[in-house]
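Naming follows writing order (A, B, C, D and E), and every chain is counted from residue 1.
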Amino acid sequence: MIDAYRNTSKKVGMPPGSLIHVGDFNEEDTRISVIDYGSIDVEEPSVETVEDLLKFREKDSITWVCLEGLKNVEITELIGKYFDIHPLVLEDILNTHQRPKFEEYDDYLYIVLKGLSLGEEGVEADEFNVDYEQISILVFNDFVFTFKEWKDELFLPLIQRIRTSTGRIRSLGSDYLTYAILDSIVDQNFVLLDSMDERIDVIEAELLSDPTSNTLVSIQHLKRELINIRRSTSPQRELLSAILRSDHKLIGEKTHIYFRDVFDHVLRISESVDSYRDMLAGLLDIYVSSVSNKMNEVMKILTVFASIFIPLTFIAGIYGMNFEYMPELRWKWSYPILWVVFITLPVVLVTYFKKKKWL
Amino acid sequence: MIDAYRNTSKKVGMPPGSLIHVGDFNEEDTRISVIDYGSIDVEEPSVETVEDLLKFREKDSITWVCLEGLKNVEITELIGKYFDIHPLVLEDILNTHQRPKFEEYDDYLYIVLKGLSLGEEGVEADEFNVDYEQISILVFNDFVFTFKEWKDELFLPLIQRIRTSTGRIRSLGSDYLTYAILDSIVDQNFVLLDSMDERIDVIEAELLSDPTSNTLVSIQHLKRELINIRRSTSPQRELLSAILRSDHKLIGEKTHIYFRDVFDHVLRISESVDSYRDMLAGLLDIYVSSVSNKMNEVMKILTVFASIFIPLTFIAGIYGMNFEYMPELRWKWSYPILWVVFITLPVVLVTYFKKKKWL
Amino acid sequence: MIDAYRNTSKKVGMPPGSLIHVGDFNEEDTRISVIDYGSIDVEEPSVETVEDLLKFREKDSITWVCLEGLKNVEITELIGKYFDIHPLVLEDILNTHQRPKFEEYDDYLYIVLKGLSLGEEGVEADEFNVDYEQISILVFNDFVFTFKEWKDELFLPLIQRIRTSTGRIRSLGSDYLTYAILDSIVDQNFVLLDSMDERIDVIEAELLSDPTSNTLVSIQHLKRELINIRRSTSPQRELLSAILRSDHKLIGEKTHIYFRDVFDHVLRISESVDSYRDMLAGLLDIYVSSVSNKMNEVMKILTVFASIFIPLTFIAGIYGMNFEYMPELRWKWSYPILWVVFITLPVVLVTYFKKKKWL
Amino acid sequence: MIDAYRNTSKKVGMPPGSLIHVGDFNEEDTRISVIDYGSIDVEEPSVETVEDLLKFREKDSITWVCLEGLKNVEITELIGKYFDIHPLVLEDILNTHQRPKFEEYDDYLYIVLKGLSLGEEGVEADEFNVDYEQISILVFNDFVFTFKEWKDELFLPLIQRIRTSTGRIRSLGSDYLTYAILDSIVDQNFVLLDSMDERIDVIEAELLSDPTSNTLVSIQHLKRELINIRRSTSPQRELLSAILRSDHKLIGEKTHIYFRDVFDHVLRISESVDSYRDMLAGLLDIYVSSVSNKMNEVMKILTVFASIFIPLTFIAGIYGMNFEYMPELRWKWSYPILWVVFITLPVVLVTYFKKKKWL
Amino acid sequence: MIDAYRNTSKKVGMPPGSLIHVGDFNEEDTRISVIDYGSIDVEEPSVETVEDLLKFREKDSITWVCLEGLKNVEITELIGKYFDIHPLVLEDILNTHQRPKFEEYDDYLYIVLKGLSLGEEGVEADEFNVDYEQISILVFNDFVFTFKEWKDELFLPLIQRIRTSTGRIRSLGSDYLTYAILDSIVDQNFVLLDSMDERIDVIEAELLSDPTSNTLVSIQHLKRELINIRRSTSPQRELLSAILRSDHKLIGEKTHIYFRDVFDHVLRISESVDSYRDMLAGLLDIYVSSVSNKMNEVMKILTVFASIFIPLTFIAGIYGMNFEYMPELRWKWSYPILWVVFITLPVVLVTYFKKKKWL
């Protein structure tokens, strides 16, 4: 169920730093895209091999290397070799079950977190499925690597901004780019939460009109998804507060305020998730009560029918007896009188029940 | 549902500092009102353009600029330009989904929090709707800006006090004005909580007299509203403790005690909200129990009727059988004796049930 | 419901420091009683006006001024004026909705907390009502003011002790008197908790013998009262730990250990309140289960009657049919045999049910 | 119910340091036993009066004075006088409602905590009753006093060890003795928890085989006892961490590691208590579900009987009607055919219900 | 039930440092295996007595001594003697009820934690049983001792790595070996959690298809196991953060990052355990609701049958009465018309019930 967190046992017993990709999704080939920019130009060279990247090291500009798909382990291995990255970091990049965290090394920073997006099927099948993608960010002085699990358009708006803008993003360093990347990833969560919000509204409407046992399954499904979302988003708080506390040379004074902004977003997401939790608990309460109310309704019908007709049947039963000496059987008005009883008794009972608020 | 917190996804993918107004309410034109006061005079000039404000910068007096309605983004933009405000702050002012917070800049302080007021419909429809308005405060040395989402009379009593008083408020600086503004906003919450208190009393009375499934819906509605109120009020605690810890030159030694007073109010609000939560949980327990009690009542009626008349019907059924050799059918006293049975049996059963406390 | 915390909205929009009394109880006239003592004499002068107090300032002895009833706002105002008390403190004294707190000023200390006592009606009506009285303490070098909401005998034992003792209390300063006052107020809570304990025992006994829906109401009532008690007592922890941490000149080294003693009491009260909470939750569980058990009982009666008599009625119904060709009707032993069936069938069914543990 | 914590209200209004014994148990006479030991000899003099103790002060050996029974207040008073103990400490020793705590004085340490033991009745009546005894420890340089509420054999193994051992305990100081005493008291809790564990197993077995409303009472009883145990054991954590943090001259460097060991035990006890809480909550869930399952069973019997026999009775009723024109009544095979119906219909219904998983 | 934590009461009253083995499992003989390695060679001498180990002290290489089975107390005693280990540490090694902890001594470090593995029976009987093994690690400068409760293959992959690798593990010191051992133990938990995850999926599928009271027992069983797992894993967090904070000479700068990696794993495990808790709570909710839904179903059948046939039986009863003057009895069409009633009435009722959503 919690795919994003399962199957790590595959690596048990391996030496630390063994570069094996641990992930659950159908793997795609690795795509490398590079954008190299300074305050003046933007270049988007096509890159085939890791060696092609080395020439950007001499340049003064910021180079952002985005790798999508983690199947080709050697690529990561080569980057590790050329850029002198600690083997544990490389291992964490490839093992997609990391807890969001921030680590400082002498020459670079390592950030890993989860990108959450609404699953395709989710939209169609009226279900709510979240895809969890691990995104690793390596920040060097004028190099930023991002490692994503699959190809999507998450960073497209940011890339557009780099291409067209001539403002802040182009003139500031790799720390500002890191901020912009984090911001893209974190803000995606708002889309998710809005959709969660709509889903809760739908379920609530369903609960008040016609709750079925499916509604319960939906609530539980959402609750579970929320548990997973929480596991991905709540460590982001720590992550960002660690960045804010850091005095690493790669995090400039000026970008500090931007990271604080992301931190605020993360806090808001985290509070939203908590309040959705409370709301789902409330929905469950309504569900349980409405089931119990429905049972009440059913019991009332039964009670009305039984309480009215059982006495009448008894009365009819009396005059169905075959005693020889039953004077009423011979009276002319017995039968009509009995009809009067048959009609008034239910009326009396129902009004009595209504008065007593039993019905 | 949580309108005050939704739809932020609109901005996803935008560069930071993009000045777009993100809000949910029918927008009104921006109204600018200015009050400029010193220990001697009060002036309330009518102001049309942002440039009109600049002349007050030279004056020694305190100038309070109150903007209501955020639709005209350019006004905020111009203020940002003339007063040299960080683009992220401007963005936060316009995006009305901020978490309450306090930020210090070299020349100014930025405070953002939520003003809570009881919605109009709420009063009429016997419902409890809270309107959440984001209020941003920018504090300069002798300038204070407040940005509100819509026009209302929240600050009227304070403005009156400035006009008429000749005491503290007129002689102290912009920090005291900030305190007075915060105090107005925070104290409004007490009105809300009193009204919440009354609503809880009404629901409790309803629960004890005649609980319907509507009562449950009311409880859930209140619970949800409380979750939202909590999200708005609980970060105010942090906000005020941040102000109290701050040693920014704009917060004077003398006003410290006033902020501490607001802090006490905020703590009290926060504790009230928590205890309302507990009370609502208690109401839910009563509701569930009372539904279950009602079911019990209904079941008892059914049981009484069934347990009494089913045996009687059986007895009547016996003497409705058509066997040739049924001596009782011919006895003269059978029928009257049976009537005795028909009458005593129920009496015996009912007294037995009562003794056993089943009824 | 939470009277002690409501209606503060009355003051919304007022300037800070406006001396208006905000309280809920039928107000009484203010009574001023003074006790002035040193290690040698005790004097209890009768005092009419605030000015009468001023002469005690020159004396070296400790003067304890106890004001009961807050209606005469001018008295408080005058004390404020003569003793140079901050307007916010005066406001807090008169507004009886304060959160317990401890504040240090240059020349004096301000302590405000709640005195809890069992309401009169409570004792009679077998209910549990708590009265919350706000008590403010102003501690000067050789002056102590206490402001109470109404007249009662809370401080009588302490006053007796001052009158008769020649020991510690007479020789130590205003800090020891403060300790003694706090101790009186805090220890009163134990009386309350003992009475709460008895009430819980009564409810538990009721639950095990004969739970009614009234029992539920009692549990909820107690739960609510406990929420309020908790709101009053839990901030006392902070209050006392603030006093213990304080290094104000008015709190002597020697009285420190006494405040620590009060702190221990406060901790114990706070833990008791928490464990009563847990116990009430347990009582609610028993209530719900016992309601459900009772329903089970009722259902069983119904089931026994229905399961036994419905088949029998069917059998009787068979031989009430009017077919011409029903050979059994003519047999001599049919009727007696059927009686055997009518008697053995129920016996068989009941033993079967018992064996299956259904009954 | 929480005897160990009740009735403290007796002392309300008393001056601090009034030496009155506040306790609930049938009091016993005070027994004083003394053991005086050094690395060479052990002496166990019989002691009648407090004055007899004084001669041990000159000796270099460690003297452990164990007082059992607190009725004779004068003994405690005299010890207080001769050993110069703060009146509040004496008061705490005699008032057996203390919260576990550790206090440092210039010449001595004061430790008070609860000794928990399984009550006598508990063992017999298959119930679980815990006796709470307050144990105070006064640690001087070469004197240790322990004050217990009643006479039991808690310290017997320790005394034996002092008598026979020639190792560490005999050569180390009063701090090591204090450790050994604390260890005896704390380790007794493990016995209690083991017995709690067994009790939970018994209840669980009962729940799975045959839950009665008695089972619920047992669960609640255990839950309550657990609340009390928790109140006694959880402050021990603070107590020991205070000892560990202390740098009082009476706590030697070398015994530090021993106190850390007790601290580990206390942590383990505290975690056990928490997990028993969770388990009891789980048992309650099973209870509620099993009651509800049983109700289901009963309802099913009713439903089977009613659904099968009510239609059959109706069919029999049809042919019990007295219409003149009912051709079936005259057919020869009507009655046998009806019997076929009477037999097949129930079979069909039951198989249908089974297929639908309703039964 | 909580075997890993029970029966410690066996040692109550013993002097600290008494070397008695306290454990629950069928004991095995102690097996000593030694692996001695440096960057060049690996040696695996067979060792019979503790004295055989002493010769490795002079060597520069790292010696890892792994003891499996704790029955032979003397072995541990001798190690304690030769390597000068504190008696309390020896006691902790032998008493298998320790809380995971990390302790620093002058010459060595002591780490104790729990190794969790899936019990054998668990796999077969479709149950989930966890075996808890206490593992103690003593870290010296070039010696590492591990004490395990029984023989298994937990460290086999690690030993293989030492044998074959020529990289980091062979060139780094005893701290890296300690890391590798901890990593093996901690990573085993992932296997457990994966299996827990599968078990939850199985239960959930069962719940949605056909919940029985067995399902409830399974849920409770898992919940209990989770409580125990939590008790073993959550103190590992403290343990590792203590290692990370430590500046003991035996923990090198270079291995710090490796311990941080284990710390991340421990955090992830701890979060997983928490989320499984939430999921189990969710499963319980579904169970309760599904039981209640099933009851509803049963009630509906009863209601349909009763509501339809009881009125019909009454009608049939009317015409079974024996009055002389019942004109309908003689009409030719009475009987056919009644059949029409008998058929239409149920149809009408069922459609009415369906419209009202009662069925």
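Here, contacts are C-beta pairs under 8 Å (C-beta built on N, C-alpha and C of every residue); 3 or more make two chains touch, one makes a residue touch a chain.
Quick caveat: nothing in here was measured; it's all calculated off a predicted structure.
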| item | value |
| --- | --- |
| Contact-graph separation of chain C and chain E, given in steps at minimum | 2 |
| Degree value of the rotation bringing chain A onto chain E, based on Cα positions, nearest 5 | 70 |
| Interchain centroid distance [CA atoms averaged], chain B/chain C, Å | 26 |
| Between chain A and chain D, centroid-to-centroid distance (C-alpha), Å | 42 |
| Multi-partner residues of chain C (each touching 2 or more other chains) | 288, 292, 295, 299, 302, 306, 310, 313, 317, 320-322, 326 |
| Arrangement of touching chains [line / ring / star / complete / other] | ring |
| Footprint of chain B on chain A - complex, ascending | 157-158, 161, 165, 167-169, 179-180, 183-184, 187-188, 190-191, 193-194, 197, 200-201, 204, 208, 257-258, 260-261, 264, 267-268, 271-272, 275, 278-279, 282, 285-286, 288-290, 292-293, 295-296, 299-300, 302-303, 306-307, 310-311, 313-314, 317-318, 320-326, 353, 357-358 |
| Residues on chain D engaged by chain C in the complex (per definition of touch) | 1-2, 5-9, 11-17, 86, 88, 97-99, 101, 103, 210, 213, 216-217, 220, 223-224, 227-228, 230-231, 284, 287-288, 291-292, 294-295, 297-299, 301-302, 305-306, 309-310, 312-313, 316-317, 319-322, 326, 328-332, 334-335, 338, 342 |
